[in-house]
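Each of the two complexes below includes chain A, the first together with chain B, the second together with chain C.
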Partner chain A sequence: MKRYSRELTVAIALSALLVLLAIFAPHFFQPQPLLARLTAQVPVLVLTIGMAVVIISRQIDISVGSQFGVCAVVAGLMSAAGAPLGFALLTATLTGTAMGALNGFLVAWLGLPSIVVSLATMVTWAEVLRLFQQGRFINLPPRVQWFGFSQLVGQASLLFFALGLLGAMAYFLKNRTGGRHFYAVGSDSEAARLAGINPRGVTMLAFVLMGTLTGIAAFCNMVQSPQVDPKCGVGLEMKAIAAAVVGGVAVTGGRGGLWGAFFGLLLLATINPALTYMHVDAYWEKAIQGLVILLAVIADGLRTKRSAA
Partner chain B sequence: MNASPAPTKRHWLRHETLLLLVLFAETTYFFYFARNFGTADNIRNIVRHSAEMGLLALAMMPVILTGGIDLSVGSLMGLCAVIFGVLTHDWHWSTLQAVAATLVAGMLAGGFNAALIAFLRLPPLIVTLGTFSLYRGLAEATTQGTKIYRSFDSDFLNLGDQHFFALPIQAWIFAFGALFFWVLVHRTTLGRSFRAIGFSPEGALYAGIPVGHRTALPYMLAGLTAAIAALLFTARLHQARADAGTGYELAAITAVVLGGTSIFGGIGSVHGTLIGIAAIAVLNNGIARVPGVLKAGVGGELASMLTGALLLIALAAPILTRFITRRRAT
Partner chain C sequence: MNSAPLLRLTKITKSFGAVRALKGVSFELNSGEVHALLGENGAGKSTLIKVITGAHKPDGGILEIAGSQVSDLTPTRARELGIACIYQQPALFPELSVAENIGLRLECGATFGCVKWKKLHANALRLLKQIGADIDPDTPVHSLSMPQQQLVEIACALGSGAKTVIMDEPTASLTRTEQELLFGVVHTLKTSGVGIVYISHRLEEIFALADRVTVLRDGESISTQAVRGAEGSALISETDLIALMVGRPVSALYPLKAKVTGKPVLELCAVGCEESGVKEVSLTVHAGEILGLAGLVGAGRTELARIIFGITPADSGTLAINGAPVRVLSPRHAVELGIGYVPEDRRRHGLIMQMPIDQNMTMAVHPKLFPNSLLNIRAETALGVHFIEKLGIKASGPDALGGSLSGGNQQKVSLARWLATKPSLLILDEPTQGVDVGAKSEIHRLIRDLANEGMGVLLISSDLPEVLGLSDRIAVMRGGRLVETLDSTQATATSVMSAALRSA
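So, the complex of A and B:
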């Protein structure tokens, strides 16, 4: 019970928020807007899965927002040029994987701190994109949105895909040897090395996986709208980090799970519409996100302090 | 790590001379190829535009020296600018009162970082990542994302426009900041203790250094410096706005790392940081004046992109050279 205390806390907070919304703003639960809101979170969920793995390995990647933008533009240009959707997905995924591999190389093999590496790549990719695209939107052919099906089918398939990915990754992390390696390296990389794990390889893998998932997330974002906004990735890294940290993934590495991160994401995603229904300005979003991250970290810090004492 | 002091010293000498050479090459290139780069007017211009970033880099140096990092300084600049705007416009405080209150606010915000990092022992990167979002978010919420405060007291605006003994006032403020941080880091026991903490917090504790307080101090100074930078920014643009200082944290960190301060803490010098600041300031100004870039109007993007790339190279360089020299030795 104690092991899942954070997941429980977040789930309770989420339920409380939903009950409040049910009482004060019942139109929040109208099926079509709710479904749209859930589908809009699919790209963030895919990013959060990768971010949780990176943080569990005791690293961080703040460049995913910029990477997401680059992947989205690559996929958008491919689709606009008439390439089939599968090819757009493939190029976006490969682009993301390559960018993740660069971060991974710098962190795992050169031993550089991930925060500074990803700060540098965050700015570099964002500026490369700005230089290349100059803020122009990309118009997509109509067959791209919702894969050319009806909106309902498109939304449903995205949701199924995301939940399937979440389930598979959660199972892999908790129950497979390969998944446990991320925890081992994150809690003590030297001990992991002595136990026969290659910490560099595992760290590298975490970043590559993050990049691959970023490409997939950018694709999931593209198929939801008739255009690609080159700025669509701005700030997404904060959302993914916040979701993971709020959901109990410890920034000190080696602790937490994907279901917690999932609840964290749902909680954060509900706060904003809840604020809107309660007539608080949307401009508070960034401040609240920062505050939520800080509260989660403080809660973690106090917990470890108590258990150490 | 069994090196005697002599080779380390030679190594650092080499790093800083190398950087000076880069700066010299960069300046020469821009002098010949960039439009109106070498004029006295432009040199004043460089100082005026980079004083804010430079001050942030100076304050970032002791933070990194203790093994920490502060990602929130750019956002805090935005928040301080907005606080100053609100105090002078909406609350009708006098400029002097508003300046004092803004400085206090910056120090408190830095103190908030410090409290979480030094006393709750939370990791600096995630704490300042949180306040990075929080401070910018507060600034945006206050201005509703669009409001910009204009029209300030002319005495205050003189800070941004006027000269004092042929140099912009920013140059004097920056010089004072550089002297302050140089003395703090290189000539006081406080500075020695930052270095000791960065080298080994555990060891510093056993050597009798009050690690908590000494870790907190650089973050508070960084907060205060961000407030000063915000005031300079406001005086220079004649505007107080929520997006003041966006991306400045990256430029500041780059200048410090470029200047030879180890990102892991414990090693570094303020004079190295000064050369790092100069290299970035010259790059930012010069690149926009190269004719091709000037025509395309992409100076800002290109400069930020190169800053990011430069940071990666500066980080990787010492490790790669160590790797190569070790190979040659065996």
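So, the complex of A and C:
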């Protein structure tokens, strides 16, 4: 049980918040708004999955917000030009994969620090997007939103897809040797190398995966609205990082899991509506989110200190 | 010499956990004297230096500096009392100039946080002149050679008013002429009344420089004697010193040696690597055999292991595994070829500290234990439990983190990793370093069991009794070359040590 103590803590905090809501604001659990709020988190959840893997490998990718914007515009333009949804998904995913591969190449093969590399690509992609799209929204044909189905079916299928992806990736990380390698490299890449693992390949894979998931996330975002906002990715990297960190993925690498990150995301995403429903001034939202992140990092710090002693 | 000695240590003891690094060392340094400190790797020299410089607090014994007893020495206090240490790798700021480095160290040349460049420069120049070093104070340190950097360190020591200068293998990376330069400086220091503790593995330097020599062995000071008589004739021979350093009976507790050995599992022919300084090494390890690799630290043993394991691939010579010539290009490749490696720096790279021990054990096994790359968590836990029992690992369970174990138990976990893969060649680099006596003999037995199961073992160890007791054959390296291969029945501590030390 000790291995999952952090996941449990976050899950308990989330449950406590939900119980509070159930007592003081039962409106929160009205099916339709709840489903809408959950679906709105699907793109961030997909990003969080990738980010958790990147952080477990002791790297960081702050360019995902910009990458997300690029992928969204690519998918949007494809759809607007009349391409089928599957093709839009494919192009967005390939675009994301290519951008992830660039980050991965610079970090894994040239040995550059990932924070600097992804800062550079973050700025670059954002500027490319600004020059190319100049802030124009892309109007989508009606068949795109909710895949052309009813809103309920669209939302449900997005949620099922996201949870399926989460389950599959969590299984991969925990039960496949390839998943274990992320933990090994993130804990101690030299020790992993001496055990016969190829740390470069593993690091590369983490970034490529992040890019692929970014493309998928951008697609999941597009199908929820009638337009594509080229600025839709701004700040998403921070949400994904925060969710992973709150959920117990250690920024020092090698520790944490996807279920924890999932609970972390839900906790952070519940704070805002909770405040609204409990009639607390919404201005507190960011401060409280910040506090939660700080608590998570402090908990990690204490835990590391204890295990070192 | 009317005054008290600069330094007097009486029966100093120091333990780290169960390891008794110093078991009662007495040492004395007079003003104007070069006192050499000699001993095998692990005899306690480094610990002793750290006690003198205040980095370690001794558990017992008396430490006197300039006649007065000091009980709570800190590195800062030691510096104030005039003790300076010059390490093999100078600890200077590479991007700053020589003058800036000296100024920083001496905390001079600045008033109220303002740097007085002229004063800084003049002071550096004066100190460098004093030791006869021809270095421009404005040169950035990174463009200086290693010995020049050492001279800067010495200038710092001098400038801080050091009365005691400790030199830890100062010549290890120097060329002949650079050595001469350093020796000159040592003489200058000596005549100005500074006392020098001189540590070196090169016996000829001790005869050239030292007035007295103290031999450490197993954390005890064995003997202190004058090197030269009044008329300059040597009072002690190289052979005497080596005998003093190794002079202990080899423990009879080692497991029985191999009776038969099988086919060669590893054959090296004139293998070399420019980058790591290994030159033309030829050797063979047979199945069921333990080949001990002896030599001093820096003789190229670990470097050779890293070549075989593909960390720094060889750039000359040929290498064959199980009779088939191969080029080992990466550790991953090496594992596939059936080579296992337990690295020297276990604390850092032998084990993933924040991973549970069962996962650590299966780390290198993945392809063999888990076909289709599917992890079987239950089988993994079972494997953990199995090896915990088989090797007598003291841990709370297979999910205990690697970092929570003691040194000996960590070592067993990293051995278990390779036991599970059953490699045909296992390279062990200092497998019992920092391991307490009990666990040590268990590990020895384990290594022999592995060989008996048909594994070829290449054992790198600086622990002479271990090499002699455990190995079937002993290869000695010096300066990146393999200089001698001895059968363990003929090898003695003295023959191995003199092969490792002999002045070339």
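Throughout what follows, the second predicted complex is superposed on the first by the 296 of 309 C-alpha atoms of A that agree within 3 Å, B and C clash if a C-alpha of one lies under 4 Å from a C-alpha of the other, contacts with A are read in each partner's own complex, and residues count from 1 in each chain.
The rule we apply is simple: contacts are C-beta pairs under 8 Å (C-beta built on N, C-alpha and C of every residue); 3 or more make two chains touch, one makes a residue touch a chain.
Computed from a predicted structure; not experimentally measured.
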Notebook entry, point to check: Who contacts more of chain A, chain B or chain C?
Noted result: B
Margin query: Applying the document's definition of touch, where does A:143 land relative to chain B and chain C: first, second, both, or neither?
Written below: neither
Checklist line | Which of chain B and chain C A:251 touches, first, second, both or neither | finding: first
Next item on the list: Using the touch definition from the top, say if A:112 reaches chain B (first), chain C (second), both or neither.
Entry: first
Notebook entry, point to check: Taking the superposition as given, does A:303 touch the first partner, chain B, the second, chain C, both, or neither?
Noted result: neither
Next item on the list: For A:123, select first, second, both or neither according to whether it touches chain B, chain C, the two together, or no partner.
Entry: first
Notebook entry, point to check: Is A:180 touching the first partner chain B, the second partner chain C, both, or neither of them?
Noted result: second
Checklist line | Which superposed partner A:194 touches (first chain B, second chain C, both, neither) | finding: second
Item checked: Parts of chain B lying in touch with chain A, wherever the complex brings them together -> 69, 71, 116, 120-123, 125-127, 129-138, 140-141, 144-145, 247, 250, 253-254, 257, 263-264, 298, 301-302, 304-305, 307-309, 311-312, 315-316, 319-320
Next item on the list: Spell out the residues on chain C that touch chain A in their complex, using ranges where they run on.
Entry: 309, 311, 330-332, 334-336, 341, 343, 348-356, 359, 363-364, 366-367, 370, 373-375, 377, 399, 401, 403-404, 417
Notebook entry, point to check: Of all residues in chain A, which touch chain C in the complex?
Noted result: 2-3, 174-180, 183-184, 187-188, 190-198, 254-255, 307-308
Next item on the list: Spell out the residues on chain A that touch chain B in their complex, using ranges where they run on.
Entry: 60, 62, 106, 110-113, 115-117, 119-124, 126-128, 130-131, 238, 241, 245, 251-252, 281, 283-291, 293-294, 297-298, 300-302, 305
